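Both complexes shown next keep subunit A, but they swap its partner, so subunit B is in the first and subunit C is in the second.
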Partner chain A sequence: MSDDNFDRKISPNDSSDGDSPTSYVKLISAEGHEFYLERRIALAGKTLKAMLEGQFREAEEALIHFPEISSHILEKVIQYLHYKVRHTHSTVRIPEFQIRPEIALELLVAASYLDC
Partner chain B sequence: MSDSKRKFTIKPFKHHMQMDITQARATWSSLSMAIDEIHSRNASQLSFEELYRNAYNLVLHKHGSLLYDGVSSKITSHLQSMVTHLCSISDATLLEEMSKCWSEHRINMIMIRDILMYMDRTFVASQRKRPVYELGLGLFRVTVWEHEQVQPRVTTLLLEAISSERAGMFTQHTTSLLKANLSMLLELGSADGSNVYERDFEELFLGTTQEFYRLESLSYLSNNTASDYVTKAECRLEEEKNRAGRCLAPTTESPLLSIIETELIERHAKTLIEMENCGFAALLKDETKVDNLRDIYDLFVRVPGTVELLRNALSERVKTQGKQLVFDQERGAANPAAFVRGVLSIRERYGRVVEYAFRGEKRAEKRLREAFEDFLNADARAASCLAVYVDEMLRSGLRGATESEVAAQLQNVIVVFRYLADKDVFEAFYKQHLAKRLLAGKSVSDEAERAMV
Partner chain C sequence: MSYNKNAMFYIRCKRRNQTFFIHVEGSSTFHSVKNQISLAVGGSTPPEDIKIYLPQKTAEEDLPDDGTVSDHEVGNDAVLNVVFKDGEVWEDLEVEDIGVVE
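And then the complex of A and B:
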């Protein structure tokens, strides 16, 4: 579906292991699609960060359900987080982040929800 | 944006049902239960996303006030049961319980704040309410800390803990309790701008500190020599500074040390100088006690005004000894050369005192110089004595001396010469002696003569 879908087997995360560079978290969209992304990328979004570093279920399982966010929107959000981490503190000209106008509104709602 | 030629349709916005008040209350009630779970340390079973979404929906559908007020009263009621619990705790474990309750409350507030992040960002900002975390701390202050059966007891216990440390009973446990409780006060104060730390602790602490050191300094004085007192005082100051760094707010350190210095040093400066046999003035008389002098100086330097008293003592001592020399000279008990040697020896001795005990302080040097000028110029004899001394030196005293020894001796003479006010008197005498020497051909060396000139 997207570049961010990794097929490798992920070992269970315990929260104390969360700092190792190759640990991953799983996000599940409204339609049930599972997206894996690196923990450090996920932490770039404020709400995601609070969820993953808090003391609730999500932090323990390194897994977050988003029953109100569609797959195509969630995918775009994850793409954005990669973009953000890649280009933060960049000293050269940053390429534009392309957004198709059809999804702009929904994306805006999701961005507001997720504070990123 | 680059595909503007292509026709596109905007997908219909997902239809959010209007949330009426019944639904809102239902949503709130599930959040309310979740907060209860948080308070019971059962949060790990809850889904952050779900709670966050509930809060988000409430705010989105204009039920922000319901949410905010609901949260506020939930926190308050939890705090009320907390304070009831604290009131029933005995003094022996109160500090510890307080610290635990505080720590729990902070953790709870962090979790509650996290799930209500959306409300903080939007509703709170636009309605200018206090953000959730600060609200929680403010409620803690009002409900728990300022309870009449909590605050007075805790403050008393904190002061007692410090008293027992001062009496020598240190434990790691006490220290960490002090630190925990005091940082609680600091955080409460900064959350809503109330001055709890200053009002409920610092003021009283500074007051009791002053009392303590007032009494302790009197007791030290009556049981110790000046030097022992100095050692004890330095010890105390060190101890207080350490405690301030470890447990108290950084802003407390400076007024604290200043109070202690006033009580220990400033109040008793005179006594420490004049103490019989062991005060500063007495120690000046003993050549071997320069270390003790320096210790006293180091202590007094903390209160700059008191060092002046030390300099006075030095000045007095030098003048007294100097006048004694002059007196001996008058009586004819000593010859002129002895007088000059006496002056030189005092100078060397007290020069060392200034350099070592006063750490080479410029003002002390100045006072030393003034003291010499004082007793040397009180009497016209000084000039003539010096001239005689030089005469003797050039006639015979320098026989067989090396160049450097000659230079050193002459240097000494110059030193005394500088103190003389009536330099022309000396000149007159010197000319007389010089003439006699040249006529009699009695000089030891021409070079020495020339050097002198």
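And then the complex of A and C:
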């Protein structure tokens, strides 16, 4: 495994017990914008979960590139993952996740790819 | 630290071409937010080399370490701006505009 100083490697300290420090993953959009989010939120997306837990370089480095997904779409997806985690198992009516129609199609494509 | 899952929400901290999604509660201090940002970048930038700003604020108006999220009325999905210290100098506040998401 190459030790590239430029890559931000998150140490594999991601056991889910409450005492260990929060583990972050990095997702990079087509334009190179870097999104940092908690690993447990990323795992709410099926494709992300597979990438982060499989035998892939992405899993070791906790870093995934999405050359096909624009920054504004990737940000919306990440907002959705937070919304999903927050409201899963809710027993009451949940607030609507707002999506502007102009981005709906691109968002659908990304969501389909990411299976979330 | 025990926490009420329902009381937690996230904020988006933006710096240059980076966006950090950080979970907080109303009582979270900005020092704890800086700790999380530092953790997210793997510790390469310690919390003392990070400043956080409300939108529209710059330079000396950074949020205090002991200030809390609720004190400054920062709510769910709020955007805060961040700068790092580069060596001895604080970088200019600069956030990439990735297009309207709201």
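The rule is short, and it goes like this: the second predicted complex is superposed on the first by the 95 of 116 C-alpha atoms of A that agree within 3 Å, B and C clash if a C-alpha of one lies under 4 Å from a C-alpha of the other, contacts with A are read in each partner's own complex, and residues count from 1 in each chain.
Going forward, a residue touches a chain if its C-beta (ideal position, glycine included) is under 8 Å from a C-beta of that chain, and two chains touch if they have at least 3 such contacts.
Given the structure is predicted, the values throughout are model-derived calculations rather than measurements.
Aligning the shared subunit A places subunit B and subunit C next to each other free of steric conflict. By the touch criterion defined above, A:Arg39 reaches neither subunit B nor subunit C. Contacts of A:Tyr113 after superposition on the shared chain: subunit B is touched, whereas subunit C is not.
With both structures placed on the common chain, the touch criterion links A:Gln79 to subunit C but leaves subunit B unconnected. More residues of subunit A lie in contact with C than with the other chain of the pair subunit B and subunit C. No C-alpha atom of subunit B lies closer than 12 Å to any C-alpha atom of subunit C in the overlay. On subunit A, the surface touched by subunit B in one complex and the surface touched by subunit C in the other have residues 100, 103 in common. Across the complex, subunit B meets subunit A through its residues 1, 3, 8-11, 13-14, 43-49, 51-53, 56, 107, 111, 114, 117-118, 121.
Across the complex, subunit A meets subunit C through its residues 8-11, 18, 21-22, 24, 26, 29, 31-38, 41, 70-72, 75-76, 78-79, 82, 86, 98, 100, 103. Touching subunit A in their complex are the following residues of subunit C: 1-2, 9-10, 12, 17-21, 23, 36, 39-42, 44, 77, 96, 98-102. Within the complex formed with subunit B, the subunit A residues making contact are 46-47, 50-51, 54-60, 64-68, 100-103, 105-106, 113, 115.
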